[in-house]
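The first chain written gets the first letter, and so on, giving A, B, C and D; residue counts start at 1 in each chain.
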Amino acid sequence: MSRSVFGNYFIVSTWGESHGRGIGAVVDGCPAGLSLSPEDIQRYLDRRRPGQSRYTTARKEGDQVEILSGVFEGRTTGTPISLLVPNLDQRSRDYGNIAYSYRPGHADYTFDQKYGFRDYRGGGRSSGRETIGRVAAGAIAAKILGELGIEFTTYTKSIGPVSIETLDRKEISNNPFYMPDAQAAKKAGEYLESCMAEHDSAGGIIECRINGVPAGLGDPVFGKLDAMLAQAVMSIGAVKAVEIGEGIQAASLKGSDDNDGFSVVNGTVTKTSNHAGGIMGGISDGSEIVLRAAVKPTSSISQPQQTITQDHENITLVVKGRHDPVIVPRAVVVVESMCAITLVDALLSNMSSRMDHIRSFYKK
Amino acid sequence: MSRSVFGNYFIVSTWGESHGRGIGAVVDGCPAGLSLSPEDIQRYLDRRRPGQSRYTTARKEGDQVEILSGVFEGRTTGTPISLLVPNLDQRSRDYGNIAYSYRPGHADYTFDQKYGFRDYRGGGRSSGRETIGRVAAGAIAAKILGELGIEFTTYTKSIGPVSIETLDRKEISNNPFYMPDAQAAKKAGEYLESCMAEHDSAGGIIECRINGVPAGLGDPVFGKLDAMLAQAVMSIGAVKAVEIGEGIQAASLKGSDDNDGFSVVNGTVTKTSNHAGGIMGGISDGSEIVLRAAVKPTSSISQPQQTITQDHENITLVVKGRHDPVIVPRAVVVVESMCAITLVDALLSNMSSRMDHIRSFYKK
Amino acid sequence: MSRSVFGNYFIVSTWGESHGRGIGAVVDGCPAGLSLSPEDIQRYLDRRRPGQSRYTTARKEGDQVEILSGVFEGRTTGTPISLLVPNLDQRSRDYGNIAYSYRPGHADYTFDQKYGFRDYRGGGRSSGRETIGRVAAGAIAAKILGELGIEFTTYTKSIGPVSIETLDRKEISNNPFYMPDAQAAKKAGEYLESCMAEHDSAGGIIECRINGVPAGLGDPVFGKLDAMLAQAVMSIGAVKAVEIGEGIQAASLKGSDDNDGFSVVNGTVTKTSNHAGGIMGGISDGSEIVLRAAVKPTSSISQPQQTITQDHENITLVVKGRHDPVIVPRAVVVVESMCAITLVDALLSNMSSRMDHIRSFYKK
Amino acid sequence: MSRSVFGNYFIVSTWGESHGRGIGAVVDGCPAGLSLSPEDIQRYLDRRRPGQSRYTTARKEGDQVEILSGVFEGRTTGTPISLLVPNLDQRSRDYGNIAYSYRPGHADYTFDQKYGFRDYRGGGRSSGRETIGRVAAGAIAAKILGELGIEFTTYTKSIGPVSIETLDRKEISNNPFYMPDAQAAKKAGEYLESCMAEHDSAGGIIECRINGVPAGLGDPVFGKLDAMLAQAVMSIGAVKAVEIGEGIQAASLKGSDDNDGFSVVNGTVTKTSNHAGGIMGGISDGSEIVLRAAVKPTSSISQPQQTITQDHENITLVVKGRHDPVIVPRAVVVVESMCAITLVDALLSNMSSRMDHIRSFYKK
């Protein structure tokens, strides 16, 4: 399945443009009997809401989710859950040269090449607002995982050149960057101030740690859990790299440093290290899953940039309006959502992998 | 689609274990009328063959492909192409403690957790031999792409700490590491000697550059071309990270450095740079696609390692036999194959993306 | 793909329950550049609207469609098209024994068995209202087909024991049953009067004829065009049989009667007969596609019926409210919609079946 | 998924042509730990073998299956099972006018239209031999179902105008037609003699009854169990209609006759009738599933027939060689196999439909 549909068992279909009627998602294959309220979803959406600090856009989006189907008397029914977040700002306006020219770093040119024309209002389908559908669906996935004791710690690992040096979980929600290191957050703020002064933008790295994942999720070969996570996370707009465990560093390690040994401690299987990031041969091993995503700097900057119009004239473009100097903090919950959706898909798939499990399920 | 089936239009299904009867692939959805011979496929398989230098295992695999279906009078018929590479070495032997204990860095433990038991002979389905099916199918994909002028340059960018400093395409096939830099290849050889002396192993980075890709391939949202490439490449056994364009470095750049401008030169649209690696908003932009995969060091090393048996006893394991001290050179063609398969899938999908194209196709 | 998602290229995802917030569909993979307005869709929805005669329920549904995404300046953009038909009647009411007992002929029992509980309001997801999503998506498919000169003639072939004897296309919209035979329509009306007098219901047969389909649609083996049509049409609530061409009658013919010969007349390939119904070996042959669906009688009747409660008590149930004595006329457009969706999927898929077509597409 | 791949969980991919190297299937997603031997599969293949009576072709096919992967020490490993049936007869021969003309009733014309050319040897991929892959995979599915107490009774219900009047299960394997009625079998033999004397052929109806299916299999809307069965069975070469329960007869019944009541007898839920054929709202209800397939008469007859060459000349064609005057008996096991594959897919899918089941699976 490709395009705007993701997953084989927990199937998420998203839709909507930046300045259309709204953004939505349909979740098909959600198990019946899950307690679910709009608040469960709203809590996730609020984590990606702009206007939370001076480092994110001042636009008031105030995205409110409505559940249109699939929930009856507070519980999921097993049928498709339709989620709608109306766009508050659908005013027609003057999009000026945006309508006719190709913004560097954006998908304007490629959409025109593929489709022959494009919805140029605010980026259309390639707007960051597209991620609302992912987060709405991800909140449902995370709720399922939560009931099984699977928990996420997702945070900003770096902004521009500023990296965290500690991992203080309690600090994550204390700063506008979702960094688990108060000192790094302070420096990141200073770095962003300098970017803003230069009409420039920054990128960063998001790290997602998932605990409580049972061993056995994921399939050999193409359906490896890390492969599905890679698709899921790389499909987020500005992500340019995905790493599992040691990630790119693994390439320069020696086997004796990278291999994780096993040990039985007090009757429990443990690993002596976790360079693999919780996935071996594409299947979860029961230890912490560790994934990182590299996010490029915000494409919209208010510096003059060289580009062309759709009529192939060379121009200098200045993108107006206020834009997030960094999108990393808002993308933290998007990465978490995509990981949650992927994990639920693997979780449901895995239930039928053994004949003894099938027998005991059906012959009770 | 997950498990051992990949793609939505050009559908590749692989099968086979290390010490079973053989390894194979079925390619469904290959367009009719492609000229195809066993030699077209053999050429690719030969690039992953072991025993080509002292840095790869001395086992004689001599994998020979047979085309069992889907080709008539030298051309593909549009029906499934079944490819078989018989395993020459199917002898029963003493697998010793491998059968009962979990090798660090391998999928032994996770297979047992998922399936309740495993084919322990040579790693079974999680053996490196599994990639034969990928390469056989990839050769067909590459042939399709070649007819459209789409060409690959894939090589080893680094082994352990040794990175290339030049990109000399002609050098790639001159050294056992497929490095485009003779000097680096020499240093890599020295580094591997030292690893072998220490009974240790190395990893490395593979880079794939694809030229001639038309603009417009890939879909917005989940079916982004880079997302599909990430799944495809991360699904290769030892890959721990996938990067597109600037990749992880993009995270520390500023927007003004990372954005690619457009320019019309002599009537042709060009980009002023290619930090994006040829993909914008998930859709190819017509410039060179650049992808990197980080490969972890070979898991099988002949040092004693701490692990457990399936009965949960702590043991020290020494994995016998001769193993590649580095698998990166042999994985070069595997990365290329997975990229080729992904591109063909995107290529076929894209043909129906515009109503005007559909009209002119059917109303001729 | 299963559940509430249909198609591989033109992907339709539907959602919604009888008494929820609304019914909707998301169409992903619709080609860009199709002119599309709400009226295009409304026209189809109006064909399934109740309250059009005394033989359909008097409820005022007045379903109005809204296009929430995927259309910009009157044309499809290639991104998902979200369609919403709000439910006007969402009042909470007393569902009485329906909530606790299993109506014969309905899905009440099986939903409870599968999901552990069910949305009992008006049948929930298994309500006839579910077909609104199909028809909304089908209208888009039909518009694509119409632009290629592919046209549908769909009608009621029989109601209970009353069958048509002529096929007068102009008559179809002249009677409340969509029968192409005024005499048969009159008799059908009389038959339904007698059913209503007995508090009983009737079924019937719907026939769909599709003209202008190019040869070559459909795939060998599992993706045969007739197989995909069979899934599509059998997935409609009350359908219990699907026939292609001679259908069930083919079983009693001899080969010499059933085989369609070929003939070249004035330079054009024609068939000497069309017993096959336009599909040979799963692939369209360019002649008229003929499909029939048998629809069972309406399950809701106001006679006392023997059934059980969810607590396994035997009871006699009387289903209150007014119900269509026959749903066949309203299902005509649903059958047409599912055929249209299936054909578009096959149409898009077929564009990439030949290497020469791919070459001329990409090397222009 | 379309083309030659079927299923979402239990994924069957088939390949092979009539006169190529062989016919095969790859089964991915088969649960681990199923005891499986070549004999389990051979038993099914033997049921479709020709040359068993004077009413089927005298060709010696003697198809022998080999298991190439996915089974270790007699049990499935959870990885793809590759099945190969070599074609014994691959001799090059003179196909005469078959190579250049379009046989009535066959897929010759449509293959040429779709693919531009075709493998004309024995029908290529559209040969009846294609069903070998279905039966080989179906045998595995049936083995899984057998372990859960799900059993098939599949037989010929009619040949030409001759229908069974009794259902004597023990008689099914006593006559060459797999008819559960000795008298009808005798009459069918006489009817076929007359067909053969006239160089003509016959069709017939196959009925499949499945007992022991748990309630709850199948999904609402597009993934209905009857819809998936319809696709599965209609995808078999010569099938022109699929019926569930009352099937086409339901169209002429009244609701009060067609509805199945429920009753609790000795604490067990039973239905007072089974007009629905075991499926309500697309979900199995626990009673017997009843499906019928109408098979057209054999297309190859040795009468002169009007047709055209690929160069569009009108000719009279006589198809040489000996052909089955009826394929219905050999197709019985094919229908059973496709139903088995579909049921296993639904069975695996259903395991994750309820949150309470997921909780108890993972939190043990």
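Simple rule for what comes next: a residue touches a chain if its C-beta (ideal position, glycine included) is under 8 Å from a C-beta of that chain, and two chains touch if they have at least 3 such contacts.
A quick note: this is a predicted structure, and the numbers were derived from the prediction, not measured.
Participant: What is the chain whose Cα centre is as far as it gets from that of subunit D?
Facilitator: It is A whose centre lies farthest from that of subunit D.
Participant: Is the number of contacting C-beta pairs greater for B-D or for C-D?
Facilitator: So, comparing the two chain pairs, more contacts are at C-D.
Participant: Express in whole angstrom the distance between the two chain centres, defined as the mean CA positions of subunit B and subunit C.
Facilitator: 44
Participant: From the mean C-alpha coordinate of subunit B to that of subunit D, what's the distance rounded to whole Å?
Facilitator: It comes to 38 Å between the two C-alpha centres.
Participant: Mind checking the centre-to-centre distance between subunit C and subunit D? Centres are C-alpha means, answer in whole Å.
Facilitator: 26
Participant: Any chance you could list the residues of subunit A touching two or more other chains?
Facilitator: Within subunit A, residues 1, 3-5, 8, 14, 29, 32-33, 78-79, 114-116, 125, 220-221, 349, 353-354, 356 contact more than one other chain.
Participant: For subunit B, which residues count as touching subunit A in their complex?
Facilitator: Residue list for subunit B touching subunit A: 1-6, 8, 12, 14, 102, 104-107, 109-111, 113-116, 125-126, 130, 158, 160-161, 195, 198, 200-205, 215-216, 218-224, 226-235, 237, 240-264, 267, 269, 272, 276-277, 279-286, 294-301, 303, 305-308, 312-314, 345, 349-350, 353-354, 356.
Participant: Provide the residue numbers of subunit D that touch subunit B in the complex, in ascending order.
Facilitator: For subunit D paired with subunit B, touching residues are 1, 3-5, 11, 13-17, 20-24, 26, 28-29, 32-33, 66-70, 72, 75, 77-82, 84, 114-119, 121, 124-125.
Participant: Which bits of subunit D are touching subunit A when the two form their complex?
Facilitator: By the definition above, subunit D touches subunit A via 8-9, 29, 31-34, 76, 78-79, 144, 147-149, 214, 220-221, 347-349, 351-359, 361-363.
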